[in-house]
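Inspection log for the structure reproduced underneath, given as structure tokens.
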Amino acid sequence: MKKGVMRPGHVQIRVLDMDEAVKHYTDLLGMIETDRDDQGRVYLKAWTEVDKFSLVLREADEPGCDFMGFKVVDEAALNQLEKDLVDYGVGVEQIPAEELKDCGRRVRFTVPSGHAFELYADKKYTGKWGVSSVNPEAWPRGLQGMKAVRFDHCLFYGPELAAVYDIFVNVLGFHLAEQVLDPEGTRVAQFLTVSMKEHDVAFIHHEEKGKFHHASFYLDTWEAVLRAADLISMTDTSIDIGPTRHGLTHGQTIYFFDPSGNRNEVFCGGDYFYPDHKPVTWKTEELGKAIFYHDRVLNERFMTVLT
Amino acid sequence: MAVFQVVNRTTGDHFTCQEGQSVLKAMEQRDLKCVPVGCRGGGCGFCKIQVLEGHFECGKMSKRHAPPEAVEKGEVLACRIYPLTDLIIECVPLPEAAPAKQTTKNR
Amino acid sequence: MKKGVMRPGHVQIRVLDMDEAVKHYTDLLGMIETDRDDQGRVYLKAWTEVDKFSLVLREADEPGCDFMGFKVVDEAALNQLEKDLVDYGVGVEQIPAEELKDCGRRVRFTVPSGHAFELYADKKYTGKWGVSSVNPEAWPRGLQGMKAVRFDHCLFYGPELAAVYDIFVNVLGFHLAEQVLDPEGTRVAQFLTVSMKEHDVAFIHHEEKGKFHHASFYLDTWEAVLRAADLISMTDTSIDIGPTRHGLTHGQTIYFFDPSGNRNEVFCGGDYFYPDHKPVTWKTEELGKAIFYHDRVLNERFMTVLT
Amino acid sequence: MAVFQVVNRTTGDHFTCQEGQSVLKAMEQRDLKCVPVGCRGGGCGFCKIQVLEGHFECGKMSKRHAPPEAVEKGEVLACRIYPLTDLIIECVPLPEAAPAKQTTKNR
């Protein structure tokens, strides 16, 4: 958080059919619909999140991720980061306040992997859903499905990881928590964090630009991951793989797809990070174990099925 | 309920598909692997096939992987087509970012 | 972390009998002894901690806490924080490098509640215990007892909470995550964080200065808290209360005592914090529920038994 | 194994204590509450008692709560004394930071 970037604040995901998508993210993941706008976009949040939304769904004829936004501590930090991006040679686009409802101005930029990111400082503070800020109960009753705790991170696939690293680490103040190195020492995967989480955003090398691997949502416990797996079957939702553990981050995970083919993860546990931690390294020779700690082999889908 | 025959001419596999069921789901239920299984949501383009004969209905598919002009020619995603008659299909090469490339890079 | 203070780095605890204490913190809590010094102090760490030690035991004729130390990001931050403390009127004491083995210089100061704290920037980096930094396994085999994950925080009892708040928040860059307010609006408990954890250090109002309530160690899961409770009985260790949940922080917890009467906590779960979160408030009218969420009444020991 | 009688003159409670067992542990085993139970480790001073009659051995106690001159006079912590004979004890007022004060502040 040394440059004032705080956390993943939102992700805008394209879906082929809005009704199916909303049903998936509310009934199955347990997110809460908080608003819709005149573009037809739907806004959702997970219950522990204090701001109004963290997930925006947009109906489009091609699924994928439009952009991921990071919240920064205040307007001064936003101004400075914007200046730093420009000074570094990263083109920025101004998205005016209220383009997303109840969200302040956003500074959008595209990194060399082809992915769009945003920084913003203000979003309507609605507090945690279903619990008071005074004498708060342990959790809200009435949550659906997997009862997702928060939007946690995204994994993107694209080229130019080194250039992306430079922007996130040198300009935005992220840290490299984990990496995968090939035998030549080239970094083919990078897990970046801006706080104590093992990753706030991650990239895996891929020839094609701008591909979306998954959006991930945090659950409390391994028990909750099992229950999520049960719900995936109960709802005949397209499963990718899990429940299992990752070698990278050591998180406990299950992957599945939304009705438009965007991959979702729900996970729990995993390592934590502080700025003095040296990065954890996985070698490509052990890539199977790095991704799926138990099977120790990749399923083809994980490396190739993207939106 | 009507049941249709689907024949994959590339691999020689054939399987039955119920009315209202996607070709990919029918294949998976028979534990066949003659079409690659991706997101099963019309999004990733992994299960692209060419329908050579027969009629079908389409669900929503990513325009990137199944643009209208391709769909017109029967180039569709197996997870999003629902047979109305028996079908003859064949496999098509995977999209641009092929697994081979990725595998090479990460070996 | 806005002023460069990173995390709780160590705590030095006084014990009446060193052998009994070491056995308690290693065999029962599962910490690892990493060194001893010529003062007879014993150094320990929990397995996920990357630095050489986080717990120092000192034999003395009275139990309690000598000091708690926070690691800061670098020497420049340490210099600045030292200057800021002095400018704020807080007296600082220089503890030279190597006074604690393999630890750099420490800046020690005592806050108006009567508790001594330290800041330091350097400690020998030994990496996580029992796992490699390359292709790391999920957890090390060979851990004992409760398999404590990390030293997490301390709770102190003393007066002058408002003055203590000013030092931690205004000078050191901590945030108020949770508080207890009495009917007059006076803050009688404050849970302070410098990162994403719900508390890195906490204070409860108490007339007598410098009292130590507990040192807390993180566990992974509620299952591990149950197993800790089992071990407390197996070893006939003095129990305080638990397993249960706190209202404050919503952590899942059990309290017990080391052989010298210092209280320990092991806990899991609980809320997370970001700098834009508004503090959670508990009212003293609900203090029982704030402390012990299930019983909703205090046990007398929690408020009065201190070292 | 020898068994001793412990009588609390303040409350009238009495209980047996085995050789090698602390007075506080013996009391807790009988589910009595005639001495406050704190840390059970000689550290917090919560279980301070006055031994009026009898002999005992001491474990390590915090010097703050059981300084040598007090121990000399039989003012000890019940969690850290092990009877060698029958004992007569009485309760002593709690240490300085008494619960009453704290309770007032937090009510």
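Order of writing sets the labels: A, B, C and D. Residues in every chain begin at 1.
Basically, contacts are C-beta pairs under 8 Å (C-beta built on N, C-alpha and C of every residue); 3 or more make two chains touch, one makes a residue touch a chain.
Which chain is which protein? Per UniProt: B, D = 2Fe-2S ferredoxin-type domain-containing protein.
The model shown is predicted, which means the values in this text are computed figures rather than measured ones.
Centroids of subunit B and subunit D (each the mean of its C-alpha atoms) stand 80 Å apart. Averaged C-alpha coordinates give centres for subunit A and subunit C that are 31 Å from one another. Mean C-alpha positions place subunit A and subunit D at a centre distance of 58 Å. Between the Cα centres of subunit C and subunit D there is a gap of 30 Å.
Those residues of subunit B in touch with two or more other chains do not exist in this structure. Judged by the touch criterion defined above, the protein chains link up one after another in an open path, with no loop closing it.
Those chain pairs judged to touch are A-B, A-C, C-D. Those residues of subunit B whose C-beta lies close enough to touch subunit A in the complex are 36-44, 46, 60-64, 94, 96-99, 101-103, 105-107. Against subunit B, in their complex, subunit A makes its touches with residues 16-17, 61-64, 180, 182, 188, 205-208, 211, 238, 257-263, 284, 287, 300-301, 303-307.
Considering their complex, residues 1-2, 6-7, 48, 50-51, 71, 73, 125, 127, 133-136, 138-139, 195-197, 220-222, 245, 247, 250, 269, 271-272, 274-283, 286, 289-290, 293 of subunit A touch subunit C.
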